[in-house]
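Presented below is the structure to which this report refers.
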Amino acid sequence: MTDATASGAAPQKPASGSLLELDARTKRRNAAEARFKFYGMAAVGIGLLFLVLLLVSIVRNGVPAYTQTFISLPVELQAEKLDKNGNRDPEEIKKVSTFGYNPLIDQALFRVLEENGVESPFEKGADLRKMVSASAAAEIRDYVIANPEKIGETVSFRVLASSRVDGYLKGRVTREDLARDKNLDAEHLDIIDQLKEAGAVARTFNWSFILGADASESRPEQAGIGVSMLGSLFMMLVVLLLSLPIGVAASIYLEEFAPKNVWTDLIEVNISNLAAVPSIVFGILGLAVFIQFMHLPQSAPLVGGLVLTLMTLPTIIISTRASLKSVPPSIRDAALGVGASKMQSVFHHVLPLAMPGILTGTIIGLAQALGETAPLLLIGMVGYIASNYPDGVASGFLDPNSAMPAQIYEWAKRADPAYYERAWGGIIILLLFLMTMNIIAVILRRRFERRW
Amino acid sequence: MYDSPSLENEVTDKAIKIAADKVQVFYGDTHAIKDVDVQIQDKTVTAFIGPSGCGKSTFLRCLNRMNDTIDICRVQGQILLDGEDIYDKRVDPVQLRAKVGMVFQKPNPFPKSIYDNIAYGPRIHGLAKSKADLDVIVEKSLRRGAIWDEVKDRLHAPGTGLSGGQQQRLCIARAVATEPEVLLMDEPCSALDPIATGQVEELIDELRDSYSVVIVTHSMQQAARVSQKTAFFHLGNLVEYGETSQIFTNPVDPRTESYITGRIG
Amino acid sequence: MYDSPSLENEVTDKAIKIAADKVQVFYGDTHAIKDVDVQIQDKTVTAFIGPSGCGKSTFLRCLNRMNDTIDICRVQGQILLDGEDIYDKRVDPVQLRAKVGMVFQKPNPFPKSIYDNIAYGPRIHGLAKSKADLDVIVEKSLRRGAIWDEVKDRLHAPGTGLSGGQQQRLCIARAVATEPEVLLMDEPCSALDPIATGQVEELIDELRDSYSVVIVTHSMQQAARVSQKTAFFHLGNLVEYGETSQIFTNPVDPRTESYITGRIG
Amino acid sequence: MPATWIFLIVLALSATGYLLGRRRALVSAGGDSRHLHSLPAYYGSNAALLVSVPALLALVLWLFAQPMVIQNRVEHLVPETSYANEGELSLVMSDVRRIAEGLDLAVEQGAMTEAEATDIRVETTNIRDRLGAVGVALGSDVEAPILVAAKAWREMNATGNMIRTGVVLLIALAGFGLGMVRADKDFRARNSVEKVILALLILAASLAILTTVGIIASLLFNTIEFFKLYPALDFFFGLTWAPSFGGGSELGILPLLWGTLYISVIALAVAVPIGLFAAVYLSEYASSTVRSFAKPMIEVLAGIPTIVYGLFALLTVGPMLFQAFGPDGAGWMGGGRAVMTAGLVMGIMLIPFVSSLSDDIINAVPQAMRDGSLGLGATKSETVKQVVLPAALPGIVGAILLAASRAIGETMIVVLGAGAAARLSMNPFEAMTTVTAKIVSQLTGDADFASPEALVAFALGMTLFVITLCLNVFALWIVRKYREQYE
Amino acid sequence: ARDNLQVAGSSTVLPYASIVAEAFGENFEFPTPVVESGGSSAGLKRFCEGVGENTIDIANASRAIREKEIKACAEAGVTDIIQVRIGYDGIVFASQLDGPAFTAFEPADLYNALAPKVVVDGELVDNPYTMWSEFNAELPEAEILAFIPGTKHGTREVFEEKVLAAGCETTGALEAMIASGMSEDDAEDACIAVRTDGKSVDIDGDYTETLASIDSNPNAIGVFGLAFYENNTDKLKVATMSGVEPETATIASGEYPVSRPLYFYIKKAHIGVIPGLKEFAQFFVADEIAGPDGPLSAYGLVSDPELADTQAMIENEETM
C-alpha cells in the first residue's frame, strides 16, 4: 500500500517510507532537534552550574562566620577603679571610659590562667589581652552602668575572643601565620589550647553575627549584619511599595492607553535609556534631589529606597510592557465585547495574564536593588554605620543605616582577614533574603501562569 | 441600492434601532466598507450574508465600536443607535457595548472557569445582587446558550478546555448574560451541530421578542429560517437589503441572485 | 458496533490507511473517547459527524498525535498507520505529522506574512529547491485553498489581518502545501460562504485521488456530498461507521437515526 | 493635630465616603444596582477619591510649605550678627527648630509645663540641660535671640498646624459632600473614577521624564565645569585616558567607550544565547517541576552581589583564562584581567535577565500557534525558531535591551575582572575598562574635587547618557520601521 | 533634626575613623557618628557643599585640602575649616610570602622595572626589562609584575613622587630626558609615567583586590598600606625601601621615605550646633586614641609626633 501512495504522491515528494524508520531528512531534522534541545539543556545547565559554583564558594567561605569563639571571664568589678567615690552615681560611673576597664580584664585573664593552671609566658596584661576582643571592655562597662549595685562583686562574663584566636579555632590561623603578626603570638595559641581543654574557651553559634551591628575595623569578631539587614528590609519595602505599583501603572499606560504621539515616544525612549544609566548616577541624582534639594536625612533607608526605586523602575516597566504585549488581543476583545471598560479589561483580564512576566521583572529588579551598592555610596549608606536597631517604623526609614550589600562591600575591603569570612557570611544572608523573595514570586507566578 | 420600498413598509411596523449612514471603513489603505447605509429594526433578526472577506465582520464591529481596538482601522460616516450617534465624542463606548453585545467569529473564552466566563459581564454591570442571583443568571445563560447540560458538572473547569462548539456556545451564553439590547453575532453557529444550531436559533427567536439581533451567517437556510431582514454584502458594498423572504425569492440585484442561486451549503 | 459487513465490502476495494483499535482518550479524569475502533481507507473521504463535544476533534487529534501537546491528555489503545503503530516508541511524531496533515477547528495563522504561512511547511520539509519552486508551491496551494485571488496582491501582508473565512482557507492552503498522505480537517468550511465551501469541497474531491481525507463537519449535506464513509460519534463513542449513503439512508443505530433525522442545518 | 492624625482622619472619612457613597447610590436606584450607571463600588470609590485625593494633596503641600513660610518669617528674628551667610543662617535656623521641637517634646513628655515653655528665658534656665534631659542634644548653650526665634517658631507652628487641620479637613468634607451629591444613579461614577486612575497612570509614566530631567540637572552643572577646565575636543576625540593628580591628565573618552562596547558585546554574546536557549528549554521542553525549580534558581544569579562576581572573575575565571591563553597557552593574554574575563563573568550574571523574561514571554505565546506548526510536521525546535520566537520577539528584544543596559551600567565586575587601565585595543585578552567603571573610580577617588580629574566623572556620565539616549532613539526608529513593513 | 555626626571621605581614613567612632559611641552619650566612605574627593566635595544640617560635619582626607577646594568651599559658605592631621599612613611594597625573595628595593629598582623609558648604558631607551634580575642582580630572577594603585588613589601620587620620581633621578633618567631636549616640567611628568605593556597593573579597587591579585600571581609585588600589610602578615612579606624597614617608628621618624599624612576637616560653623562634634574631634586626637599606644596605632596608624599641637588647635577651634 505504500507503493500506491508513493505513485500518487506529488512528484517532488520523496517516496514515503515506514514510520518506524526515519528517513534521512527526518534524521537530520531530529538531530537538529536533539542538538537544539541539548543546547537548551546545556544553557540551563551552565546557568545552574555557575550558580552552584558560586553558591558553593559563598557557602564555603561564609559558613565560618556563623560560629564565634568566646572566653568565659570572671571579672571582679573593683570599686576603687570604677567608682572612686563609692556613691554609685551612674553619672560618675559613666566617667570611667572603656579604657579604664582594661586592667580589670587583664586581672581576670590572669585569674583564669591561674585557676586552670596554665603557664603564661606573658608578664604584661596588655599582651595577654590580645586574646580578648576590644569589645569586652565596652560590654563590661555597659553591664556596670546598667547594674551599679554589682560593683565590688565578681561577675562572670562571656566575652568575645579576638579575631585571630577565633581564626585559630576555625583553622584559618596557624602558628606559622602568627610568626610576624603583631596582633597575636604563637604562645597565645598555646594558652588558648589549654583554656579550651579546660572549657573556658568555646566556639558556639554566632547569633550576634545575624543580629548585631557593624563594628570597627579592629574588632571583626563583634561585627554583625542584623542592623543592616533591617536597613535593607526598610529599603526594599520602599522599593517594592513604590516601584511595583508605579512601574505597572506606567507600563499599563504606555502599553494600553497611550496615544501614539511624540510625548509617549519620549517617555518610551526615556525609560529604556534609564535602564542603561549606571547605578552610581542614580546616586548622584539621589544626593542632589533627595538630600540637597528635598532635605531628606542622609544615610537613611528611605532615601536609599527612593534612589533604588528610580533605578528599578525601568526594569519593571520594560518587563511588564513586554508581558502585557504578549497577551493576545482576543482576550481584550472578549472583555470589551461584554461591555467592560478598557480599564476593566486591563485590570480584570490582561493584567492577571501578564502577571508572571511582571513578577519576573519585579524579582529581577528587586534582586538588583537588593544587591546594589554604588548608588548607596553617594547618599551615605556605605561606610561605618553602626547605628542601633531602629526604635520604630519611622526611625527604620529615617535613621542612618547601612544595607546588606553595602555592609558586605565594606567588609570585603577591610584589612583583617576575619572580615573576609564575614563578608561571605553576609552574602549567604543576602541570598537567603533573595531566595525568600524568589519563592514568594514562584508561588505567585504559579497561580497566574497558564497557557491558552 | 437596496430595496427601499420594502424597507418603508417595515418602518411603519417596527422602530429603527440602528441607522448607519454612509459608513466607510479603512484598514490602513484598504477600503473594507464602502458607503454603507442600513437601518436595523428593533425586535427583528437581521442577517448579514455575503462571500468571505466582504466586510460583514468589519461592519458588525462598527456597530459597537469594537473597531476602536484595531489601531489601523478608521471609520467614517454616521451610525445612530436609538437616534444617537455612537461615534459622538460624548458617547462612552463602554456603555454602548453594554447595550450592544457581541459574539465573535472566533470563540474567545477567557482563560478562567466556565462560571466566571459567564459571570463576568453580570458582575461588572451589577446585574446580580447576590451570589445566588449570579448563580441563577449563570445557569439561565448557559441554558440559553444550549450548553448547560454539558458543563453543569464542571462549572469551575477552565473555559478554554472546551471543544470548539462548546466554546462557541459559551461565548453566546456570555453575551446574553449581560442582557444587551442589541446582540451582534458573528457566525454563531459555524461550529455547531444541527441540534445545537437549532437551540441557538430558538434562542435568537426568543431574543427577538425583546431585542434586536444581527447575525452573520454563511448558511442561506439559516438566514432564511431565523431572520426577518437580510443584508447582502459584496466587496465592501451593501448590495441589497430587504425582507428576507423577498431577498431569497426575488432579489433585485443580479449579484445577490447569483450568490443565492450559486448556493451549495 | 458499526456496520461491519459494509466495511468488509470496502476493504476489498481500497487499502486501509489508518486502523484504530480500542482507542481511549482521557483529559485528566474526563473520559473523552471510549473504546473506538475504526478503519479509515486510503483514497477515501471519511466524514466524522456527531453533536458538539462528542469527541470528534479529540479523536482526530489522536490520528496525528497532536494530543501529545496537551499535558493532561492520555491516549490508550492502538492506532495503525499503514500497519504501523503510531504510538510506538520508535515513531517520530514529526515524521508522522508530515504524513498526516491537519487543519484545525479554529483558524490559527502564524503571525507572519501570508506567503510565509504557506511556505513554512515546504521549507521545513525541504520540498522546494529554489525560491521559484517555493513561489510555485505557494501559488498552487493558495489556489487549492480557494484564496489566491483574494490575497495575491498582498502576499506579504500578515496572515492575521485576514477575515475569519480567509484565515480558514489560508490554513487549508497551508496544510495542503506540505502534501500529506492523510489530511485531517476539523470543520474546514465552518466559516466559509457557499462558494468558498464549494471550492474547498472540490479540493477535497481532488485530494481523494491520491490521499486519504478525514473531515469533521456539522453539515449533513456536506458529509453526504463529499464523503464516501461516515462515522457518527456520540458522547465519546463511535456509534456507527459505514458507507455514507448507507448511514444517511439506512442507519443501524437508533441514535444515528435520530441525529440525522433531527437534522436542521 | 499631628499630620499622622489628620492623615488617618482623612482615610477614615474616605472609607466612610466609600460606604455611604455606595449606599446612597444604591438607594437612589431604589436598591437595585441594575438601575445604576456604574457598579455601586464605583460610587463608593468616587466618593473616597474625592475625599482623599484633594485633601491629602493639600496636606502634603502644606507639610512642605509651612516650614518654608515660617522659616521665612522667623529668619528676621535672628540677629544678623549671629550668621555670616545663607548657609550659616540655615544652620542657625535648624538650631532654632531643634529648640522649638525640643520644647514641644518637653511639654509633651511632661518635663515642662506649657506656661514654662512659653515663658522660658535663657537668663533663668539652662535650656541645654533641660532639653538634654528629654533627649534633645544641643550643640551649645542657647542665646537669647535664638530662643526668641524658637518661641516664635513654636507659636507659628502651632497656629499653622491648627489652620492646616482646619483646611485639610474642610477640603476632605467638601469632597465628602460632593461625593454624596454625586452618588446618584445617573452619575457616571465609573468614568470619573477611571479618569482619576488614568491620571495616576499618566503620572506614573511621566516619572521617567522627571527622573531624566533630574539626572541631567544633577550632572549638568559639573559637566559644564569640566568643560571649562578641559577642552571638549580632547575629551571626545582623545585616544588616551591617563588621569594624574599633578595635572596634565589626558582624559579622552574613546578608550573607555571602546572598552564599554567590547565588554558589553562579549557579555551579551554569552548571555543572549545561553539565556535564550535556557528560556526556550524551560518553557518548551522542561517538565513543570524542572521549570519551577530551575527558573527561580537561575534568577538567583541576578541577585548575587556583583562583588561576588568580581571576585569570581579575579580569582577563578581570570587565572583559568590566563592558563589557557596566557604565555603558557596561546600566548595572547598578559594577565588574568581582561575584557574576556569581565565579559564572560558579566554574561553569566546577565543570563537571568534574558532567560527569565523571555521564558515568560515565550510561555505567553498561544498554544494554537504551536499546534499550527506542529500539525504541519515541524519539529519542536523548528516551531520554536520559526513561529514561537518571532511571535515573542518584541518581548525578547526588551529583555535583551535590559541585559545590554545592565552590562553598560556594571562596575564591580569590570574593575575586578577587566582591570582599571583604559586601552584601545582589539585583543579581547587585554585589560580594558569601561565608562561606568571610570565614573565610579573618579567619583570615589582622592583627586581634588574641583579638578578635571574628578569632574570628568560627570562629563562621562552625561556623555554615556546622551549616547545611550541616541542609541535608544535609533532602536525605537528601527523597531518602528521594521514593524511598519511587517504588520 | 539630625542628632548624629555625619562624617564622610577617604577610605584610607575610614578604618581609623570607625575605630574612633565606635569608641566614641561607647563612651559618650552621643549617638555613634556615621562614617561614610567614598573617597577624599567626594568627601570634601560634600563637605564644601555648604553649611547646614543636610551637609556633612567632617570630611576625612588622605591628602591636604587643595587651594581650589578651599575656594569652592568658601563660595558655598564653608569658610571656617579646622584642619586636623591625625597621623601618617605608611606605604609598603609586599609580595607573596612564599614568592621570590623581594626583600629590599631602591626607588631606582622600581623605576627601572615600571617606567616606560629607562637608561641603559647611559642611553634613554624603551624599557627592555622583563626580569627584575636584569637590572639589579640582587633581585630575584622573576618576571616583572607590579600591582600599583590606580589613578584614582591618593597613594598613587605618593608612589609617583616618592618612588618613581626619586628613581628617575637616581638612575639618571631625568637628566637624560632633559638632555634629550625635554623641558624640565615635561621630564618630571615623564618620570612618573608607568609602562603600559601589562607589567604594571593599575588597581582601582582596594588593597584586598591587590592582595587577591598577588595571591594568584606568585611573582608579583604589590603596593599596600602599612596597616593592611600588618593585618595580613600571614600572606605577605614586605620589602625594605632604601634599606629601611617600614614600621611605625621608622615612618614617624621620616626614615622610611614612602608615607603620607592623613587628615580630617571640621566645619567650624557646625560646632555648637551639631551635638557632639567638638567632643568627637577632641576624642579622635586624644592621647589614649591617637597616641603611640592607642588603638589607632595598634591598628597601623603612624602616630603624629605633633599630636599635642593638634589637640590644642581643636580646643581653640583654630581654623585654617
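What to note about this one:
The letters A, B, C, D and E name the chains in turn, as written, and every chain counts its residues from 1.
Operating definition for what follows: contacts are C-beta pairs under 8 Å (C-beta built on N, C-alpha and C of every residue); 3 or more make two chains touch, one makes a residue touch a chain.
Everything numeric here is computed off the predicted structure, so don't read it as measured data.
Shared contacts of subunit A and subunit E, meaning chains that touch the two of them, come down to D. Of all the chains shown, the one with its CA centroid nearest the global CA centroid is D.
No other two chains have as many C-beta pairs in contact as A-D. Among the other chains, the CA centroid farthest from that of subunit B is the one of E. Separation between the centroids of subunit A and subunit B, computed from CA atoms only, is 59 Å. Centre-to-centre spacing of subunit C and subunit E amounts to 82 Å, using the average Cα coordinate of each chain. With centres set at the average Cα position, the gap from subunit D to subunit E is 35 Å. Taking the mean of the C-alpha atoms as each chain's centre, subunit B and subunit D sit 49 Å apart. Listed for subunit C are residues 94-96, 98-99, 106, 124-125, each touching two or more other chains.
Contact with two or more other chains is made by residues 11, 29, 37-38, 42, 53 of subunit E. For subunit A, the set of residues that touch two or more other chains comprises 29-30, 33, 287, 341, 353, 377-378, 412, 452. Here, these are the chain pairs in contact: A-B, A-C, A-D, A-E, B-C, B-D, C-D, D-E.
Only residues 260, 329-342, 344, 348-349, 353, 450, 452 of subunit A touch subunit B when the two sit together in their complex.
Those residues of subunit C lying in contact with subunit B across their complex are 27, 49-53, 55, 57-58, 105-107, 150, 161-166, 169, 186-187, 189-198, 201, 218-222, 259, 262-265. Only residues 1-2, 4-5, 8-10, 12-13, 16, 18-20, 22-23, 25-26, 29-30, 33 of subunit A touch subunit C when the two sit together in their complex. Of all residues in subunit D, those touching subunit B in their complex are 32-34, 36-40, 188, 190-191.
Listed in rising order, the residues of subunit C touching subunit D in the complex are 64, 66, 69, 93-99, 101-104, 106, 108-113, 120-121, 124-125, 158, 171, 174-175, 178, 180.
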